[in-house]
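Chain naming follows the written order as A, B, C, D, E and F, and within any one chain the residues start at number 1.
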Amino acid sequence: MRPSGRAPDQMRAITIEPHFTRHAEGSCLIGFGDTRVLVTASVEERVPPFLRGKGEGWVTAEYGMLPRATHTRGAREAAKGKQSGRTQEIQRLIGRSLRAVIDLKALGERQITLDCDVIQADGGTRTAAISGAWVALRLAVDGLGLAVDPIRAKVAAVSCGIWQDMAVLDLDYPEDSAADADANFVLTDQGRIVEAQATAEGATYDEEGLLRLLRLARIGCGEIFAAQDAAIARARTA
Amino acid sequence: MRPSGRAPDQMRAITIEPHFTRHAEGSCLIGFGDTRVLVTASVEERVPPFLRGKGEGWVTAEYGMLPRATHTRGAREAAKGKQSGRTQEIQRLIGRSLRAVIDLKALGERQITLDCDVIQADGGTRTAAISGAWVALRLAVDGLGLAVDPIRAKVAAVSCGIWQDMAVLDLDYPEDSAADADANFVLTDQGRIVEAQATAEGATYDEEGLLRLLRLARIGCGEIFAAQDAAIARARTA
Amino acid sequence: MRPSGRAPDQMRAITIEPHFTRHAEGSCLIGFGDTRVLVTASVEERVPPFLRGKGEGWVTAEYGMLPRATHTRGAREAAKGKQSGRTQEIQRLIGRSLRAVIDLKALGERQITLDCDVIQADGGTRTAAISGAWVALRLAVDGLGLAVDPIRAKVAAVSCGIWQDMAVLDLDYPEDSAADADANFVLTDQGRIVEAQATAEGATYDEEGLLRLLRLARIGCGEIFAAQDAAIARARTA
Amino acid sequence: MRPSGRAPDQMRAITIEPHFTRHAEGSCLIGFGDTRVLVTASVEERVPPFLRGKGEGWVTAEYGMLPRATHTRGAREAAKGKQSGRTQEIQRLIGRSLRAVIDLKALGERQITLDCDVIQADGGTRTAAISGAWVALRLAVDGLGLAVDPIRAKVAAVSCGIWQDMAVLDLDYPEDSAADADANFVLTDQGRIVEAQATAEGATYDEEGLLRLLRLARIGCGEIFAAQDAAIARARTA
Amino acid sequence: MRPSGRAPDQMRAITIEPHFTRHAEGSCLIGFGDTRVLVTASVEERVPPFLRGKGEGWVTAEYGMLPRATHTRGAREAAKGKQSGRTQEIQRLIGRSLRAVIDLKALGERQITLDCDVIQADGGTRTAAISGAWVALRLAVDGLGLAVDPIRAKVAAVSCGIWQDMAVLDLDYPEDSAADADANFVLTDQGRIVEAQATAEGATYDEEGLLRLLRLARIGCGEIFAAQDAAIARARTA
Amino acid sequence: MRPSGRAPDQMRAITIEPHFTRHAEGSCLIGFGDTRVLVTASVEERVPPFLRGKGEGWVTAEYGMLPRATHTRGAREAAKGKQSGRTQEIQRLIGRSLRAVIDLKALGERQITLDCDVIQADGGTRTAAISGAWVALRLAVDGLGLAVDPIRAKVAAVSCGIWQDMAVLDLDYPEDSAADADANFVLTDQGRIVEAQATAEGATYDEEGLLRLLRLARIGCGEIFAAQDAAIARARTA
């Protein structure tokens, strides 16, 4: 029995509030249960030095966690003077995931930065961030009024893991901290894999375990794609 | 005529949503118009080295701004590797303001950290932060169940300025960026001054100007005290 | 009775030694009693990026304290790898104060940096720095031989505070560390206010208290303006 | 046809030179073709603060690349003053991989640090580092003379990828920089998975693609396990 | 003919003003011509971790240069966030030089820090710093009232160089920036060498050149020892 | 009797393996006994800002030590976020030593960076680094195919010291840590001195001592020049 009483293949409630802030070209507050991440998409008419004059755009991401998003207060990274290895690993993953579904030539010579700030954490912050970043990116790209849509697919992410010998979907914090294996999958709505990361924490796993986790991820991402669609529809009719 | 159409002594709408996050001992989302600051109060059963073994507590604050809280995206301080002078100045002010109304001996040997993170900025972020920090502190102290209440007074803060030769209350961003003088007052509900800071931006000012700004601040803080009371009442009955 | 035996409205001895160093375009060693600050003004024929090509100059300041300027040795900021919040707050105040009395268009596209280094500290280092910076700036601008003088007024600064229920002028270290309220005023010789900052340390204060402090500051700044005049006169006839 | 002329499931030559340096408790120079990584294992009789007094040991890793290990010189991280996100990601992976096969209780209250420094890079530096780290760890643990061997399995890592629509094993730099998908697998000699990471670079992939990469990884790791065995045997008889 | 008109073996005027600041246990302002360095000696009743409980003291030094000590303004190291290689090299040399003449056991378990801050630079700042540091150290040790004097000798330092094929003593800035070879010698009043550093700048030199420079250094240090004696005598009788 | 059984004027075995790595324009692994330093020379067709457009090249060096090059593991400088004073002092010395024998005009507007990374340390790492850097530089310059050879001389470096009242050549770690005086000499094959640094550690020394150390250095450098010649000859015929 999962701590939350959920079935093994049951997601937490997914909530997406589009246009959560006024200044960003795109934004949303995404929730996977008690995990809440504010994502903003900022469009700038410039690209990083390595792309200048190539007629291509860039999509990148930054990730942060408010000091008291967690059960006990963590030190503020700005005060410590550096971002942790975990932060850097996550923001690199978010950027890669979004770039996998965008045609950078069609975007044109501009940069979109996705800032993902965790307001409240209860497991799965990186997967909520990726899923919300797609919504913010979609809204920001809508605003550009481009002739050809540079976004080629939807992208969503979800965590799964092996907890008490059971493959479970969308781990919350109590599960995450006790899981034997912990995986994150980033999938497109066409069923393709963008990123698969599966890590043994307490015990190694085998090929069958990996495939079971992937199948759970497909279920979870299906629900997230639906929530993304609904949020975009609401935002466009608002 | 003010850009927002407000009267010179008119505050923007004040909104305070208590217990905005789950993990912090106290929290609120405070809004002065479009300015929105998330404040959390974290209680830790330890004090900084200089206070160890003295039987006194400590109250301190940290301030941050999400990269896209502003009209154009600013660099993330955690990524730059240091906090700006402005950030440090503001967080020192918040901490001082709260310490002015708390009896640190009565608090006991524990530390309360007020994290003030600006979700959306439209002028007055530091004054909203101080005003919201008092609410978060109040809620956190309530939860300690102390025999003697260490909080001796309410504290609130508001900005005022001289804009187009007119003394105006609670500057929004368009006023703030064009003001000739810019002041922040931190006041107690007993009418005392905790901090007064008045800076000439485009033009110097005189004693009468200073007093007129102080009188506006009294009006604004009166409204904030009422909003704080209402928020605490709602939180206690919830 | 003040520790130094001074009357409540009595400044410490003000000493200003112009042209204290050889290389700087303007410099002085200013003393408020035992507090001694070396100020140099450096003229550079370039402006910060945000001003390039606008036909305007810039005036900025940096502040530092030698490790053993104080009663006990403090860590060297260069060795710690960062400037404290206090240092940044003070250098921002010095820069703002000087910019309030200079016509940046008339200065032309050049930058003047005021380096204020505390050789010995006994309270009031920031106000001595501002007062000395005006002298160094005056000497540096004299050397530019501009047709129109960009300096529109003199500026001086002094601290005052409430110490043992008495409003006193120009706090020395023993007073400063025991004051109930602590204020710094930056005034022009035309009687206008450039900056007012009054902070409750041990006890809050009221409007009348604020005004009494401001009146003391006018007395103190009057004496500083006279000392600035005398120093400039000596420098010009040397 | 692969640039190197290798068959799709063909590893590069694996070379392992044990005890490459004198001072470390364990060390080796491992080569996967032209990629060469020097790994040292340092035993220290202390553990990180979070483990003190728990009767458990710790295994951790650091990774670095000499500035001219690569085709063009990269900036020295010590001179830049920080480790890149890539470096941190890799060293976290190495540490996790080794901890998956060691019984930290049986190790006792001591720390083993695996320093993996890339002398020459031609793709696959992180997988060579993990594979070599196991050898250095084995040699260092041998030297401890523990009654119960804390190492529960061998661990090896290899990269695979989809290059020109072909699944290939052990990518060298020309393949790595042109691959559509890029994966790293960390496996035990009992056939279990410790870590699987598969990233779409130019094109997303599907479940069948993921499985084909995993099967290649099993082939590669089999060869690495044999090379590790041979190296350990040589070291023990030397 | 030297730019200053001095003879090859002629020092600049040596000035030493003892007790230049109030708070430090020992201090002086030392001048070699236009080079002026403020040195303070701070006594602290603690030693660095590596010496704790060994019954020995420690002497160390820090060096800094005010931003406008030089002809053109240099960036403030505290603002840049790190000390340059040159700064670290010099402060290591100063510390080593003083430790060479002090009996750390006789000093007892305390630390003396020599802060050497260059107020004005015209060549030879490190040698002036060492020579002044001895005076500050002497005064600070006098104040400890130890039964056995831990200072075993006087130490002084001077630069010499090969300038236009001529060996010259005590290089000023115009000579220093054009010298073919540049040396610094640290000598004791017993004629022993503490440190010799001779660097080819524009041209290499030979053994005879090295010896000629050493002979000049003996002349210069003789004059510095006399100036140190006179300064200490004045300080003791004051 | 020296710990290693060597005669006072006896060098350790000198080994130089040219072209140790593939990517660098020049490289070698140099050994002085158990001290082993990997040196690479990287040619870049750009110069530092202060040389742009002057038709001159630049030669610079960086130095590092792998964490476990030493008897006990040292912290990684990249992880600490800064290079130690010792590291900076050494890399400045290496750069200066090489620049003393190269005609920067003849080199043309390009930069050669010598990366010296200590693989294993047993005393004399800086002198091995300089001696090996000359070999790497020679190989890199050979590859440029310049009409006029910019290298004007060979350069080599060796340490000597006073150990148990005996002047000894090429100190290993046991001698280095117990020496009374410690010197490093950088010499050209024409017998000229590039740099002489002699430091009293436990006891001061006199002129005769300095000369005896210099004479030992001439013997040692003679052997190093022969080893450099042999290595270059092998590299050219390979």
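Here is the rule we go by: a residue touches a chain if its C-beta (ideal position, glycine included) is under 8 Å from a C-beta of that chain, and two chains touch if they have at least 3 such contacts.
Keep in mind it's a predicted model, so treat the numbers as computed, not measured.
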Set of chains adjacent to chain A and to chain B: none
Third chains touching both chain E and chain C: none
Per Cα centroids, the chain farthest from chain D: C
Option in A-D, E-F or C-E whose residue-number contact pairs overlap A-B by over half: C-E
Self-contact between copies chain E and chain F, residue sets same or different by half: same
Between chain F and chain D, distance of the C-alpha-averaged centres to the nearest whole Å: 32
Inter-centroid spacing, chain C versus chain B (mean Cα positions, whole Å): 28
Whole-Å gap between the CA centroids of chain B and chain E: 51
Set of chain D residues in contact with two or more other chains: 81-82
Chain ring listed from chain A, with chain D in second place: A, D, F, E, C, B
Of all residues in chain D, those that touch chain F in their complex: 21-24, 27, 34, 38, 40, 42, 44, 62, 64, 66-73, 76-79, 81-83, 87, 113, 115, 117, 119-121
In the complex, chain D residues that touch chain A: 82, 84-86, 88-89, 91-92, 96, 100, 188, 190-200, 204-207, 209-211, 214
